[in-house]
Amino acid sequence: MADLLILPVLVPLLGGLLATALPVRSALVGTLAALATSLSGLSITLLVWLHGDLGTVLGGWGVPLGIGLSADGLSAALLAMASLVALAISIYAGSYFAGSAQARHFWPLWLLLWSALNGVFLAADLFNLYVMLELLGLSAAALGALTGKREAIAANLRYLLVGLLGSLTYLLGVALLYTAYGTLDIGLLGERLGPTPIAATALALMVSGLALKTALFPLHFWLPPAHANAPAPVSAALSALVVKASFYLILRLWTELFAPITDIGAATLLGLLGAGAVLWGSWRALRAQRLKLLAAYSTVAQIGYLFLFFPLLASLPPGTARDDLFAACVLMALTHGFAKAGFFLAAGLVQQKAGHDRISELGGVAQRMPATTFSIALAGSALVGLPPSGSFIGKWVLMRGAFETGQWWWLPVTVLGTLLAAAYVFRVLSRAFGLEPTPLQFVTNARTEIPALLLAFASVALLGLAAGPVWAVLGFGAAPA
Amino acid sequence: MKRDLALLLGILLALLAALLLWALHATLALEPGPRLAELASARLEQTGVSNPVTAVLLNYRAYDTLLELAVLLAALLGIWSLGPAPAGYQRSGPALAALVDWIVPLAILAGGYMLWVGGHAPGGAFQAGALLGAAGVILRLSGEPSAGLPGEPAQRWLVVLGAGVFALVGGGLLASGFGFLTYPPGQAKWLILLIESAATVAIGVTLTAAYVGGRPGSGTAHNGTGQSRTVQR
Amino acid sequence: MPTLLLLFDLVLLATLIVLALAAVLSPEPRRAVMLFIAFGLWLALVWARLRAPDIALAEAAIGAGMGGALMLAAARRAAHRDEAAGRDGDKRA
Amino acid sequence: MSAQFLYGGAGILLFALGLWSLLVHEALLRKLIAINIAGGGVFHVFIAIAYRGDTAPPDPVPHALVLTGIVVAVSATALVLALHRRLEQAEEPAADAEVLSESASASSAAPPPRTPAERTPGTPHPETPHG
Amino acid sequence: MSQMLSWTALLPGAIVLSSMLPGAFIFLVKEESHVLRGVLNMFGAIIKLVLVGTLIWGVFLGGVFESRLTIAPGLDLVLHADALSVLFVTLSSVLWLVTTVYAIGYLEHSPNRSRFFGFFSLCVSATVGIALAGNLLTFVIFYEILTLATYPLVAHRGTPEATRGAKIYLAYTMGGGVALLVGAVWLRALTGPVDFVEGGVLSGMASTLHPQLIAIFLLLLLGLGVKAALVPLHGWLPQSMVAPAPVSSLLHAVAVVKAGAFGIVRVVYDVYGVDFAAELGLLIILGVWASLTIVYGSVKALTQDGLKTRLAYSTVSQVSYIALGASILGPVATIGGMVHLVHQGIMKITLFFCAGNYAETLGVHKVSQMDGVGRRMPWTTLAFTVGALGMIGIPPIAGFVSKWYLGLGAVEAGQHWVLLVLAASTLLNAGYFLPILYKAWFRPPPDAWPNEHRFESRFETMGALLWPPVITAAFCLIAGLLAAAPFSPLEWATLIARREYGL
């Protein structure tokens, strides 16, 4: 049964190859492959939920030689989010690119990106992760430059260079680990790794490389132009999924592989960078003139929130309190995934209809598309962290953790971040209450508005009121904290 | 200002390098042992090839190689999505044309040999593919705008061939119960050869198409700005 | 480590570092790419010395070869534009 | 095994040199060369630690990794160069129109519009790429 | 929800959903299908009333009604119906039915009605959720949803003033919401899950934690004070009078403002416990702050020419009676505070309905334009008079009952200064209501009204606009006259007080 682990990577890869070979029918092939991929991803999540962690080694050569695949609670949760979000993006893209020449270029690259994404979540081998990250970075940059506009190409050129630098730094860390411990498998390394100077150096290199790729605060400069100038479905995928892959790796390496050497000092450094990201990202989002630039800076801020969990996790002994914090961190990552994808898809519709996305002149268009504006409202409330969204539960547990561990200084950061986020979300929403004529009906174009609405709704109602499954999948059970 | 910023960076990176060197030295001093060398060569004969690197590439860590072909394809798709190919080069003079008529077939032949020898001696799919790519580059430089590449449909199928065969073989093995990319004992050699030859052709076409640098569009390509560029000197 | 072999290794590596420095420091695009190709080939030589023939071949063919060819085309375009800019009296490098 | 350290050390120096050049130089081509040199450095570290003296056969696993790395590096280089060429083309009309206005200098494509605030002060980070 | 889903576990959830689901469907209703929208609205309102009726009967008999949804381990969404929550649920359900009828009439030809009624229903669901919340987390969740649902209503008209008013409203309530959140999380970190229990949860806490508990109380009070319009935090209330009349009447007289007051009552009685709060000296802080607001609100109301703004400042002062009632230690004052929660609601909604009628029928927005309104619209002005006199506290209208019990409770608790506050505010109430009544009844009407609409109905204005204020005015009279009857607000408040104090 563990052999099925390869499917979420193999199916989109084959789909991508077929879409390349048959450009005329790339949309059809793409949509079918998207359906199959999300089904395979969700089935893996289901298997992990029912039977616990899955692991296999490809090629039948055993761990040190062969490449291992593993799916535990964390990867299963992110795999499920990625499957659902990517499926919604695919349906949206079907109509967004309908009839445009870009469609034949979009689908193959999109399926390769999806295959790499699933590969990152399932990989258990450090070098395999390097190749996955490269495939992810390359296809994301190529997709970002699809519009062909000057700003998009310049932004994606810089994104590609930054991605290469990040991957090389990560690879040097892997080289040092292989030098010292002679294996690339995460499981084996975890057993052999001890608090030696080489391990600390490798940790520093790998985490800084990945931090560059996940746009953690001082290294975030490349993200806003790249995500704001990409086509709507691509920027949704970039912000909701691609950035999450690097964060997922940092979380896994930090809490599992490098557990023996990650101490409170290093974790607090990450926390401080996260706090900087929250404040700087929210401030820039408030001042952004374009809707998609606002969403991109909001991503920088939301990634900051995720890093606030590191110092709290480092200061708590393993137990239900620490499990709750870990699950809350995963919940916030999932909610941001759904909400940001919904927000970008809706923003793309507004841009497509208005011809621009300058916030100050969006009033009329927003009012004529009630479903889209409603998605922006729902997704916005999830980004701010207002109840009943999943990020509200995440922030509740984050603040509780801050109180319980006595690290109260994370509270003003969270509070200020929430207020700034409320300011920039409602700056957009207040445009939707102008003196425009009443819209005739709620949904104007079902095939694009429904995915955005469902994504936003999932981040608010689904994760807000039923976050139990996240704890269950992570195997923390229902022990009342 | 530029000058001392560069200097500051230099000092910082020198410190980083020193730190890394010290860490490397500390590790190597502990004699960390043969790592995977012994294990790889010990089970070499079960892999169906005698060249250890090819064994690792196509048997132990075949998954990496499959993804690497996908990376190559992603790069080419990115190049194709950016626009039509720039104008070709000036028709070469008689001397170069004659040289090209000799070198290109030779390169293709050498590529084939490189592919075959890869099983038991240094060589393999990537080096062979690179030689085919070199042949394409030479054709392109000698004034052949299509660099020896077929029309768009054929190019698309060829480019997809490498990763396609690899994934289909893997999927087939998975479906027939062996597990993804777990070669049955007897057929490892032939399956690897099949995958390698498909990969060689795919890599050759991909590298050449990358060098051409644009969508295999209709007729002589002119650059994005619409007017046909004068042929580059 | 016999001193002769050590000396050989040192010369090999020194040339490698010098080639890299030259490639990095030369402002003129075409010259930089040429030096980079030389660096790639020399790196292949070093790896042959380290008994990694397959990889030396691959580096020479793909790294220095294909990579170098791609960069050469870009360098030539950059050089053309520099000359065009040079003609118009704008001396920016 | 001083040979492993000697060559590994050279690899690390190359990586540092590449990183320095990437952060300092503006021109895209020089950045690309810098990244390839840094990549070469990392691969060189792998090959150095795979070397086990003249007698024992070297460790094939890092060799395979480096081969994969080289192919990945060249495909990334190809994509970067294609993006750069497309960026130059996008600037081309500006250059043609230059006869009218002296503002756009043809020699170096104007860096994409970047508000000064976007440059995070103090921290070194790769410059904007232009020809 | 593993145990058998008995109907007692479903009822609270059903009450919240009975307005949320129709609301969700109303969003999707096309703009021009009025009938469908009207049916959905009325269907939701009536279903809710029926459910609330059964709830009243059940709670009266001592039944336990609790819906518990486990969001995540340790985080439960709990809807628990106790005596206090039933009081507020009944108030909001009854008044929601009346206001829906009024709103359908009021918004006859205005745009964006699907959007309006959708958010209107969400609002009431949030209010009912606040009323039924069983623990602090659920309370905070519904408290924030109320903010989100009311913002579009305040900004409904789309005029620049509406947007500005909504922005101010949002700034206040978002700040308050965050303060409440931090306080709730801090309390949760100290004491574990905070369920509302009659008589309070925190009485047993170690004395070392007392400074933290006081800080938490101030934070919670800050958060709740925004919606309860305590003095420095009341700025949003007059600004959001730009909203349409149904919004001002239901939300800013009943739902939003009462949510804040209700929250204060919950925190004092069911989290800290009255005795423990008195021990910590929190009641003094609350009492002084409430008194300040009462006086300040009345004084500001004197000088307001806009009718709705004057009523807004009157609300600011009246709501603090409830806080005042909670801050006096003793069952009688508690009864006074609780019963005022209902009485103020029905009186203030009558006044806002009448204000809406004047604006809609005669175009009268200012007090100075109200000369001779009584002659032109006798029934509406009669209802206005009943509401105004009730506010002043003239028997036999409901307002008198609550002021009487408040005064009695203050005397019993020995806090005589409260009598002074009550007397002063009564005088001030008279000061800003009697001139209106005098102008309305005894001054000759102007020759032409600013913006008169002739409705084809037999009465002075459209039926849907006239009957709601008359009905609520009748409620005021009944609540006053038949205060001692079973199931009257006073009796129910006595039941609450008895259960809170464990008599």
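Think of it as A, B, C, D and E in the order they're written, each chain with its own count starting at 1.
Note that a residue touches a chain if its C-beta (ideal position, glycine included) is under 8 Å from a C-beta of that chain, and two chains touch if they have at least 3 such contacts.
If you're wondering where the values come from, they're calculated on a predicted model, not measured in any experiment.
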> Going by the contact rule set out at the top, which chains touch both subunit A and subunit D?
Replying inline: B
> Along the shortest chain of touching chains, how many steps lie between subunit C and subunit E?
Replying inline: 3
> Going only through chains that touch each other, what is the minimum step count from subunit A to subunit E?
Replying inline: 1
>> If I average the C-alpha coordinates per chain and also across every protein chain shown, which chain's average lies closest to the global one?
In response: A
>> I'd like to verify one number: the distance from the centre of subunit A to the centre of subunit B, where each centre is the average of its C-alpha atoms, in whole angstrom.
In response: 30
> Centre to centre, by mean C-alpha position, how many angstrom separate subunit B and subunit C?
Replying inline: 20
> When the C-alpha atoms of subunit B and subunit E are each averaged to a single point, how far apart are the two points in Å?
Replying inline: 72
>> Taking the mean of the CA coordinates per chain, how far is subunit D from subunit E in Å?
In response: 65
> So which stretches of subunit E touch two or more other chains?
Replying inline: none
>> Two-or-more-chain contact residues of subunit B, please, as numbers and ranges.
In response: 20, 24, 28, 34-36, 40, 53, 60-61, 64, 68, 71, 74-75, 78, 82-83, 124, 126, 207, 210-211, 213
> If you look at subunit A, which of its residues touch at least two other chains?
Replying inline: 65, 127, 131, 134, 138, 141-142, 145, 148, 153, 172, 178-179
>> Judged by the touch rule stated earlier, which pairs of chains are there in contact?
In response: A-B, A-D, A-E, B-C, B-D, C-D
> Which residues of subunit D touch subunit C in their complex?
Replying inline: 2-3, 6-7, 10, 13-14, 17-18, 20-21, 25, 27, 29-30, 32-34, 36-37, 40, 43-44, 47-48, 50-51, 54, 57-58, 63, 66-67, 70-71, 73-74, 77-78, 81, 84-85, 88, 95, 98, 105-108, 131
>> For a test of understanding, state which residues of subunit A touch subunit D in their complex under the given definition.
In response: 65, 127, 130-131, 134, 138, 141-142, 145, 148-151, 153-158, 160-162, 164-165, 168, 171-172, 175, 178-179, 184, 218-219, 221, 224-225, 284
>> Show me the residue ranges of subunit B that touch subunit D in the complex, using the header's touch definition.
In response: 2, 5-6, 9-10, 12-14, 16-17, 20-21, 24-25, 28, 34-37, 40-41, 52-53, 55-57, 60-61, 64-65, 68, 71-72, 74-76, 78-79, 82-83, 86, 124, 126, 203, 207, 210-211, 213-214, 223-225
>> Touching residues of subunit D toward subunit B in the complex: what are they?
In response: 1, 4-5, 8-9, 12-13, 15-16, 19-20, 23-24, 45, 49-50, 52, 56-61, 63-65, 67-68, 70-72, 74-76, 78-79, 81-83, 85-86, 89-90, 92-93, 96, 124
> For subunit B, which residues count as touching subunit A in their complex?
Replying inline: 19-20, 22-24, 26-28, 30, 32-36, 39-40, 43, 59-64, 66-68, 70-71, 73-75, 77-78, 80-83, 156-157, 159-160, 163-164, 167-168, 170-171, 174, 178-183
